[in-house]
Structures are given as C-alpha cells and as structure tokens.
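Letters A, B, C and D name the chains as they come in the text, with residue numbers starting at 1 for each one.
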Amino acid sequence: MSSYGDKIKLTVFGESHGEGIGAVIDGVPAGYKIDMDKVLIQMARRAPGKDRTATTRVEKDFPNVKSGILNGVTTGAPICCIIENTNTKSGDYANLMDKPRPGHSDYTAYVKYGGHNDIRGGGHFSGRLTAPLVFVGAVLRQILEQKGIRIAAHISSIGAVEDTPFDPVNIDNQLIDELSASGFALIDKEKEAPMREIVESARMNLDSVGGTVECAVVGLPAGVGGPLFEGIEGAVAKAVFGIPAVKGIEFGKGFAATRMLGSENNDEFEYKDGRVVTKTNNSGGILGGISSGMPIIFRAAIKPTPSISKEQTTVNLQTGKTDTLVVKGRHDPCIVPRAVSVVEAVAAIAVFDLL
Amino acid sequence: MSSYGDKIKLTVFGESHGEGIGAVIDGVPAGYKIDMDKVLIQMARRAPGKDRTATTRVEKDFPNVKSGILNGVTTGAPICCIIENTNTKSGDYANLMDKPRPGHSDYTAYVKYGGHNDIRGGGHFSGRLTAPLVFVGAVLRQILEQKGIRIAAHISSIGAVEDTPFDPVNIDNQLIDELSASGFALIDKEKEAPMREIVESARMNLDSVGGTVECAVVGLPAGVGGPLFEGIEGAVAKAVFGIPAVKGIEFGKGFAATRMLGSENNDEFEYKDGRVVTKTNNSGGILGGISSGMPIIFRAAIKPTPSISKEQTTVNLQTGKTDTLVVKGRHDPCIVPRAVSVVEAVAAIAVFDLL
Amino acid sequence: MSSYGDKIKLTVFGESHGEGIGAVIDGVPAGYKIDMDKVLIQMARRAPGKDRTATTRVEKDFPNVKSGILNGVTTGAPICCIIENTNTKSGDYANLMDKPRPGHSDYTAYVKYGGHNDIRGGGHFSGRLTAPLVFVGAVLRQILEQKGIRIAAHISSIGAVEDTPFDPVNIDNQLIDELSASGFALIDKEKEAPMREIVESARMNLDSVGGTVECAVVGLPAGVGGPLFEGIEGAVAKAVFGIPAVKGIEFGKGFAATRMLGSENNDEFEYKDGRVVTKTNNSGGILGGISSGMPIIFRAAIKPTPSISKEQTTVNLQTGKTDTLVVKGRHDPCIVPRAVSVVEAVAAIAVFDLL
Amino acid sequence: MSSYGDKIKLTVFGESHGEGIGAVIDGVPAGYKIDMDKVLIQMARRAPGKDRTATTRVEKDFPNVKSGILNGVTTGAPICCIIENTNTKSGDYANLMDKPRPGHSDYTAYVKYGGHNDIRGGGHFSGRLTAPLVFVGAVLRQILEQKGIRIAAHISSIGAVEDTPFDPVNIDNQLIDELSASGFALIDKEKEAPMREIVESARMNLDSVGGTVECAVVGLPAGVGGPLFEGIEGAVAKAVFGIPAVKGIEFGKGFAATRMLGSENNDEFEYKDGRVVTKTNNSGGILGGISSGMPIIFRAAIKPTPSISKEQTTVNLQTGKTDTLVVKGRHDPCIVPRAVSVVEAVAAIAVFDLL
C-alpha cells in the first residue's frame, strides 16, 4: 500500500511520467489556517534543478488543492492535492523494462506487478513521489506549529563529511527557522564546501554518493506514543522508510548506544524551571515508546543514488542472459540535500498521526 | 496500541506482575501443523535464568493455548496464548511510582496513564512481554517454514566485540538450524568468551551493556512488499521497534552504505542456475521496498539495559525535588543474548503479515 | 477477522468446546473505575438456563480478567478476559462435520477452513462467543456512563408480537435502568405472556422463532461520526452484524421511512431550553452520518434459531448424497431475550470506538 | 473518515462546489483490463438530468484518471480519478449556514466542523460524492467479472409500489445485463409508470419520496467472509451505509425472517449437478458471515430526499431562534432510480475488499 496512518489516512498516488501525482489525506480536523506560501517554500526545497547537486530537470511542482481547504482554512473533509506532470522525457527509459537497473526497483516491481507497472521514470517508485509527501508534511506541520510542535532537519553527513549534530537537549527556534527554510540545510555552514566537493567528484566520475539526515521534533509534550507496537520509534520508522533510498534509522544515540554502558546511556532526570527534564538526551526523547518531553531526535541513512551513468552488469529479462547497462537520463549524484525536506515532511506526518 | 498487523491482527496483553501475560493473533489460516515442542524451544531461548548474562529470576513461561489450535493444527480462529504470572516479587518496585528510573518508561508511562498504569515490574512495559511475542513468532515461523521461508539471527555485537556477519548472498540451512536453536547464538563461537567477559565486567560494576542483533530471512520469494509505506523495511522496522530497548535498525549495508559510492553499493544482477540473483547483497534483499529473492538482512541496535544497580540521579514526583535512586531487584546486565529469539520472532510476525 | 475497531482494537477468541473463550481489547484509556458486579449483571442477562425461552445448559460464564484492570481501575494496557469452558457435551455434535445443519455455519465454515475448524458446539461460530462481547460492552458502557452516555435495549418483537417502541425524542433514565437490568426486557410488560407463549409453542413443535431488538443510545453529544464511511450507521451496523443471527438493521424509521414523504420524514429543528433539538426523531439521531444530539435509535432483526429438532434435509459431505438430519443437543427455541444484552454491548463497543 | 477497506484503501474526496471531487483507491492488483466505456455507462446511470425523477442540473461527470491505469490496464499503483466541478450555482445555498435544512447534515456538520466545513451544495456530504463511488465500483466490478462475479440491482420499491423481487436461487445473466445497464432498473417493467406517477406527484407537491433498492451478487464462491466482525453482512453494511440517505439494510429475508419459524427460514441443503446448494435462499447467501455459494441478496432502505421546497420549521443559529426555511435550488424528488448504480458500486467495493 502507498497508504499510511491510523488516525489520518494518507494515500500517495501517481506515476512519474503519468498524468499527475498527488496525495489524499483524510482525518485532518477542520478550522486550521494553512498558509500556501509556506507550503510552496517546502516544496521548493525538495524540487530539483536548484544547483549542481541535483538533476537538471526542471519540474513545475505546483500543488493544485482540489478539496479540503477553503479560503485557506481546512474544512475537515479529505485534502486532495494534484501535481500535473510536465516536461517528461519518457524515451530515456525505453529499455529498462528489459534490463533492470542495479539498486533500483525495476526488477522487483517487474516481479510484483507482472510487468504491468508503469516503468517510465520509475513510475510509482520514482523519487518524484516525494513531492506530494512534502506537500502533506508542509500542511500538517503548520497545524503542529499551532500546537507548539516544530520540526527541523539537516544534512548530518554526505559521504564521510559530517555536520555538527543537534544539541539534543536544547534546540533553539532560530536554528529551526534557518534549517527549515534552507535548500542545503547545515548547522555548521563550513561543511557545505567539502560536501559539495564530494558530490561534484562523484558526478565527474559518473557516480553517486549517499549520506544521512538528522531530524528533530521539538515541543512534543511528554506522554505521546505507547508501549510495544504503539511506540514513537515504530511509527516514525514506518513513515521514514516510506521515503525511497532510506536504509536505516536510529533514535538518540542509536547504534552508538550499543557500545555504551547503561550508566553512560541512561538519561538522568532532574527538575528544571519546575519541569521534569533529562540532563542528557541519549534516548532521543523517547522512553518506552513514549515521548519524554525532550526533543525527538532521529537519523536516517540514505543510500547513494542507484541511477549512475557508469556501465553496470545486469540481466536482460528478454534474452535471459547477463548483459550490461548504461543508465541514461538526468540523475542526482546525491539526493541528500533534497531529502532533508522530505524527512521533515514524513516526521510531521508520523507525529500528526500519533497525536 | 499493543497491536500489530494488517492481514493478521496481533495484540499482546498483560502486565509483568499481574495475573498473566499473553497474545491473541487473528488471521492465521486453518490447517497448519504446529509442533508445540518447537515453540517451547524458542521460548526457552528467551527465558531468563539460564546463565550469568541473565537475571536469576526463574520464570515458568509455559504458554497455555486457549484457542485456535486443535490437535496440533490451526483451526483458522484466533489463537490465544496465556502465560500465568508466578514468582513475582512486587515489593522491590514499591518506590518506583515516585522516583522514575532513568532510561525506563516509568516517567513517560506515568504521564501518559496519569499514574494508573501497573508499575510493578514495569507492568505492560516489561521485557517480560516479549515472551508472548516469542510464542507468536514461534508459531508463525513454523507456517513460514512450510512455505520455504526460514529465519535466523545472531548476536552481532556486545559492546565493542563483534561476531562475524552473515554472508548476505549465501546462508546455508545448517547455520540457520544451529543459530535458531542456540541460547547464545554466534556465527564465530570464539566470540562467546570475550562477550561474556564484557557482560560479567558490567555486572561486577553494577552496570549494563548493549549490543546488536543481526537477522536473516531466507527463502522469501521476489515480489513481496511494495512502494512507499508498503515497503518491507517499514513493516519490519515497525515490528522490531515493538521490542523494548531497540533504538535503531538498518537493512543491508545500512548506515555504512551512506559512505559508499553508488557504484560500490549497487548490487549488480546476473543469472545463476537460471534464476535472477544479485552478485552482492548490500540492499539487504530489498529494492524499492520489495523483496529481490536474496536474503533479507537487518541489524537491530539494543541499548544497554536501563535497570542498573548504581546510584543514579532522578526526580521525586512526590516531593517535586531532584533525588537519588538505587534500583533494586534482579536485572539482566545484558539482554542481547535473550533478544536474539525475540528479534527472530518479530521478523516472523512482520514477514507473515506481508505475505 | 474476529476483530473490530479503529481507535480500540477488539479481538474475540475461543471455540465453544475448546479450553476457553474471551476477548482482548486494546485502546481503553487509563483511570476509569470498573464495577465488576455491574459487569456480572450484564453477563447474567445473556447467560442461558434462566427460563424456558433458553437452553437448559448451565454455563458458568465467570470472566477472569487477566490484565488491564488493577484494583478496579483501568490501567491503559490491553484488557484480557477469559471464560473457561466447562460443562460441554461434545458428543452431541459428532456427525455435524459430515452433515451440515441448515441455517448454520457448518457448511460455509467447512469450505473456508478446509475442515480444520473446531466444529464442536459451533466452535468459533457459537453464540457462546457473545459472552465475551457482553463482558467488553459491560466494561465500556461504564466508561460511557461516566461521560453521560447511556444505552438500553428491549425485545421489540418476537414473531408477530410487538412491544411498544421507544419514544424516540424522550427516553427517561428510569426506563433505561429497568431495561438494562432485565432478563426479559420489555417496555410494555403485558407483552411478556404472549411472547412466551409463542416461544413455548415453537419449543413444543421442535421449532424456533425470531424477533427484533430495539436499542437506544442516549446522551451522545451532537457532532460524533462523519460523512460517507465514517458514519454512525456504518460503524454500528458493522458491530451489530458481528452478532450471529442478525440479518438486518435499521436506524430511526428505517424501512418504514421509504414509504413516507420527505415532509413527513424530515425532523424539523427547534430551540428547546436553549438547545437545538428536533421535534420528531425519524432519523434515529443521525444526520449525514453524524449524531444530532437526539437519541440514537436502531432495530436489529434476529432470525429464528437455526438449531431445531425437527428432521431436515441436508447433504452428507462424506457420501456426496442428499440426506436427512435431526439436530441433537440443547438449543434455545428463541434467542431474542438473551440477545438484548448482546445488542447493548456491541452498541457500547461501536459508540466507544467512535468517540 | 471518508475511507473504506482492509485489503484495499479507498478515500473519496471533494466538495460539491469546490474544485473537484474524486477517489483514490490503493491495493488494486496489476494487469487487469479496464474498459473505460463500461465505466462511463455506469456513471451515466447515476448522473442527474436524465428525466423528471431527477434534478435538472447537468453535471459533466467525466472521470479523469490520473494514475494507476496505463493503456487500459491496471498498473498496481493507486488509481486516482478526478471529476472537475463545473456548472455550480453556489448562491442558492447562501443562508444554509445559518438555517440548517431539516433531514440534512447541515446542523450536525456545523457542530462537528465548527462551521469550517464547505456548506455549498452540501459540500463533502453532497450526493454528488457518490459519482466517484460509482467510478470505483465500475472499475472493480470489471475485475470481479473477470473472476466470474456479477452484480446487479433494481428499484425494489418507490413509496408503496413494489417491483418483483429477485428469485434468490436463480438469477440469470440476461437479467443482470439488462438491469446493470438500465437507467430505471426494474424486473417488472410495468411498475415504471406507477412509480413515476408517485415521484411526479411528490414533485408537484414540492415534496419527495423514498424507496428501496435490492441488490444481488452472483458467482461469489462459497467460503468468503468469516465469523463475528469478519462477516459479509457487516462489510457490505458498512459500505452501503456510506451512501447518503441509506437508513436500513437487510440480507435475505431480513426483517421478514423475524416472523418466520426456524423450519420455514432454514435453507435446506441438497446436491444439484454435483454441487452443494440450498433449496431456498432465505439467508441471502450468507451463513455464519460466510458465503454459501448462493447469490448474495440484500435490500437497502433509502429515505425520501430531505431537500424539499415546502416551507419547514428550523432553527436560526445566528439569531438563536426557531425560524422557517424554504429550500431553494434544484433537487431530486426521488433519488432511488439514480441510487441503483451506487448500491451496485459499493457492493462491488465491499466484495472486492473481502476477496
């Protein structure tokens, strides 16, 4: 299913080179103001063609809202948004049906759908489907902000170059403002040059690179989530793995915590300004699956873009023989900068569904 | 919710020191033979008290099957299993209601449930609730085996000591047999001594250690799963984060892939014995959220047990002041060895629900 | 699935002659007092053996609460209740596997489960499975009452004998008290004698009779439910059809409204004591799927018990030939009086899930 | 929620006078041919303006398929269909926000959405939202037909004039063909004149009339559905109550069965042409919630259209006083003929979800 949610019901639809892509979301309450300019800012952050880390395609990702918002206010009925597809060069993808691209869904989708799926541009598996996700996230985060909950993410690494991580106990509003409007979101801006260098080097070598995105949800009150399968980690992970190319997620110290002692990893409680807080936040703001009131912090691993222009070995499903393939078309050597707004969006979706 | 599943509906119930714990699972088809001895082997692997890595409590985790299995065959009706609680020392937990344990759900559950949750032994948040998960997994994996799908996991690390990882393209049945019956599951058995040493050292210091569990699902045909929120990664992650103490998950190369080039990370396809396979399996057997026919491989990060006997700082919710706490009771200095069978169980649950 | 609910997750389990039957319900909030004596009153209303309208079996339907309620207060964790099976005479059902009873699930369950279902006493299809439903309803209605919502039902007809219907605009608390404690719930008690006469006559003729149950939910505030598939009618219908033997449901005037003019059927609005009310309540308290604040009124059709002692024609699945059957065992000639508490219970479940 | 389904996920969106209405359906398998002309026939049956039983509005209900169908074949990705709104006269509805129409959702939606819902033309509650339902049903029934399952319905009554009911044991293909293409579907065509007379009489009196629709699903194999909340009745009822104006549903003999003896109502089994069948079909093809292989038969009660031009009493939410209202605009004096295709559509949706 391309659907998510318990309290909300979200379905993302569309194929990369079909008539349009979009999303329908049911369960958004009535009476919330939605500033469409803020939505467009988020969509612009994800859109390709801004600079040389991204593909040169120019998508016009204008979201047509068909329902659920009237005069800038949610009506309580399902919100449907459609983005028409234009500027598609389907010819580039002609031979992919026969020769599946390594690292892509071509082969597995072929098996699942018996060859009936729309292969053009990756079809329903295209990274382009993250545009409606960003639309939905941009709507929901405005509602969350009206409840005091804010979300921001940054490029925490590209290849081996790492950005400074969030201070997990104290993330101020100015940083959130900056990051959540940036097209190349970094805490330490000096890391932009070396990161771009890695990406440019990959491009020159007809190759690609991956990276990680760190995301924080600030202002979520204590007591949200629950034990076992109701936990925040599971809900957020389910949403984040909905983004193509994500292969890992960790909360708080995550994998690093496995090498710590309990006495190092446990976050001690204390009273501060009359509120219960933890001195550290190794748990990423989640204990027993439930929010502690500290920032929710997680990190997503994004694999290097599988579409590379180097020659690769693959199978020819038509001839039944091993063959070679050179992927044509315009591809991002690194999708991590664009993925930042997508990670924020699905975090908003997951948190909204939990409330 | 303590519930999981789309095609199956699983609910885990019970509190650690209440009358009993158990699980109900709806949607298991009729006519499958279930060998209860095999179920008991899995439950014994999880049970505490086997050796010094675990608590000295002796739980009698005998699963009483109340419905859904008749004469060793599934009837198609919901399966309910209950494990009666015995040998509980509730007195040890008397002051936890006032002074929440760092790293535990005590505080967050207190907020969520307004103090009405059963705090004794961790209540519904206790690691003891993984016993019914192992029961359910042990039933479902027998059905999966009848479809040619096998599951095994091992301790891939405790602290900094790492076991040899699975060969991701070729996992033979003998290894699966050995691991899935072992109480201290390792590929390289020479790692047992140094791992036990780390655990024993933590115990002597009234401390605890974490680790990772690597799990493989072998024999899943290509074409299972789907795009976006239907992906295998999201389904498995949701299930695995249902295990208390899990703080991260990665598939295939996972976080390591973020430092690789696309040309290194992409798994090239080839024909082998007439079947389409990949030469490497960095994707962990999943492309576009769909199984490729290669083994599904993932790794879960398990934080050090939060229950440690060292004095820690916490808050006293009664007095409204910062205070200290020494946690009493019997606790595992390392739950990773016992967690292996739990990870296998939730993997079985997730895969069963996907089919 | 034997599962129900969006906000709550209810699963009913067990087979009539297995080890036990019961229910697990997840999603019940913490902190509500549950009076177990009130629960037992509801279960006694459903239990057989009270008088000659019912079977002579004596079931000891004592509900063992295994989790989720501590010291008479909900903990927020799933509530599991088990009723052990005793006093079962399995021998009576020996030949049903070969010769399915007309009007029963024997044949259809045989097809669905390939003969692996537990046929004894109807197995998972037994009317006995309504006992855990009554338990769950009896718990949830106590929570609803703490929110000012009350539920009552009565035998609105047995055969052609009809009870006086509810006054749909004004149902007083005294009537609700009386009905919801009665074992033969009627508004006009003079109808008891002629109704019992019909039932007794059916019994003497080795036959059975059906009837209808009318149910009212009072105190539900306006604004609950929603358009299309979110409507109250759909949610209540789904729950009520979960009761074996129900073959129809209508809200407000229901089928009779189809012969009325719009000007007769429309409920005009007016202000009364400062509140918006309707002068009539032909809609059964539901407009556009949403509660109007007036009582919710619905009527369920219960078919005559299919288990009759008259000789009937059926097939012999063993011989592949048409054959005859005389059903043995103890059976209710009319289940309508006992069904009243079950209808109230599922109404409570549906309303609780809507809130 | 405006969403339905377990195996499929359907969301209907849009407001009557907004930009567009439509539906998204996830979970439709790949590789099924869809004949769009057949879809348009079904949509034409529902469309208004055909004759004097319907409103004089001319809607151009052309369904734009945005995704999920490529070259007339399902791709396996979600299908999104949009119908643009044109020819809307919003001015007619200006005062409804203040003075809710009796029998309509105006008041209850006002309470639920705090006045933020789109009131124009009924908004998301408009009967116009059944157009996308018919689209979805028309797609799914083509897939069902490829599995041998056919659906047809007819006007079983308007006011007191009744059509001949289906022969429940034998419904031939020719009748199904005729009914499922008809704009005024009747088994006994002589009933058309008296039915139209009733409708015309209501129109002349500025009033409206209701009626019933009987629907049959033929070819569903035995063994579909399940006990308790998995039953066919509950699934179909949930879908059918998704149609605005439906206030009751009954399966097989339904309410009439409550006045029958068990020996009359039970359907005896026999072998016929080597297959197990029932001699009668009072159960409507469902025993224990599971299909028996006989036709599924149900009847839906449709209340008289609440929009009538007679003066009615209502409240003025602005002044807080009781007031009068004359509803303007173009309204159907009877929606039953148009509802036939909608009932067929939701039956297709429910059955598809069950398989």
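Please note the rule applied: a contact is a pair of C-beta atoms (placed from the backbone, for glycine too) under 8 Å apart; a residue touches a chain by one contact, two chains touch by 3 or more.
Source: prediction; values computed, not measured.
Participant: Tell me which of A-C and A-D has more C-beta pairs in contact.
Facilitator: A-D
Participant: Measuring between mean CA coordinates, which chain is farthest from chain B?
Facilitator: Farthest by centroid: D.
Participant: Averaging only over C-alpha atoms, locate the centres of chain A and chain B and give their separation in whole Å.
Facilitator: Chain A and chain B have C-alpha centres separated by 27 Å.
Participant: Using Cα averages as centroids, what's the distance between chain A and chain D in whole Å?
Facilitator: 39
Participant: What is the distance in Å between the mean C-alpha positions of chain A and chain C?
Facilitator: 46
Participant: Would you give the residues of chain A that are in contact with at least 2 other chains, written as numbers and ranges?
Facilitator: 1-3, 6, 12, 77, 112, 124, 227
Participant: Where on chain B does chain D make contact in their complex?
Facilitator: Listed in rising order, the residues of chain B that touch chain D are 6, 77, 227.
Participant: Which residues of chain C touch chain B in the complex?
Facilitator: 1-3, 9, 11-15, 18-22, 24, 26-27, 30-31, 64-68, 70, 73-80, 82, 112-114, 116-118, 123-124
Participant: Quick one: in the complex, what on chain C touches chain D?
Facilitator: It comes out as residues 1-4, 6, 10, 12, 100, 102-105, 107-109, 111-112, 124-125, 129, 157, 159-160, 202, 205, 207-212, 222-231, 233-235, 237-239, 241-242, 244, 246-255, 257-271, 276, 278-279, 283-284, 286-293, 301-308, 310, 312-315, 317, 320-322.
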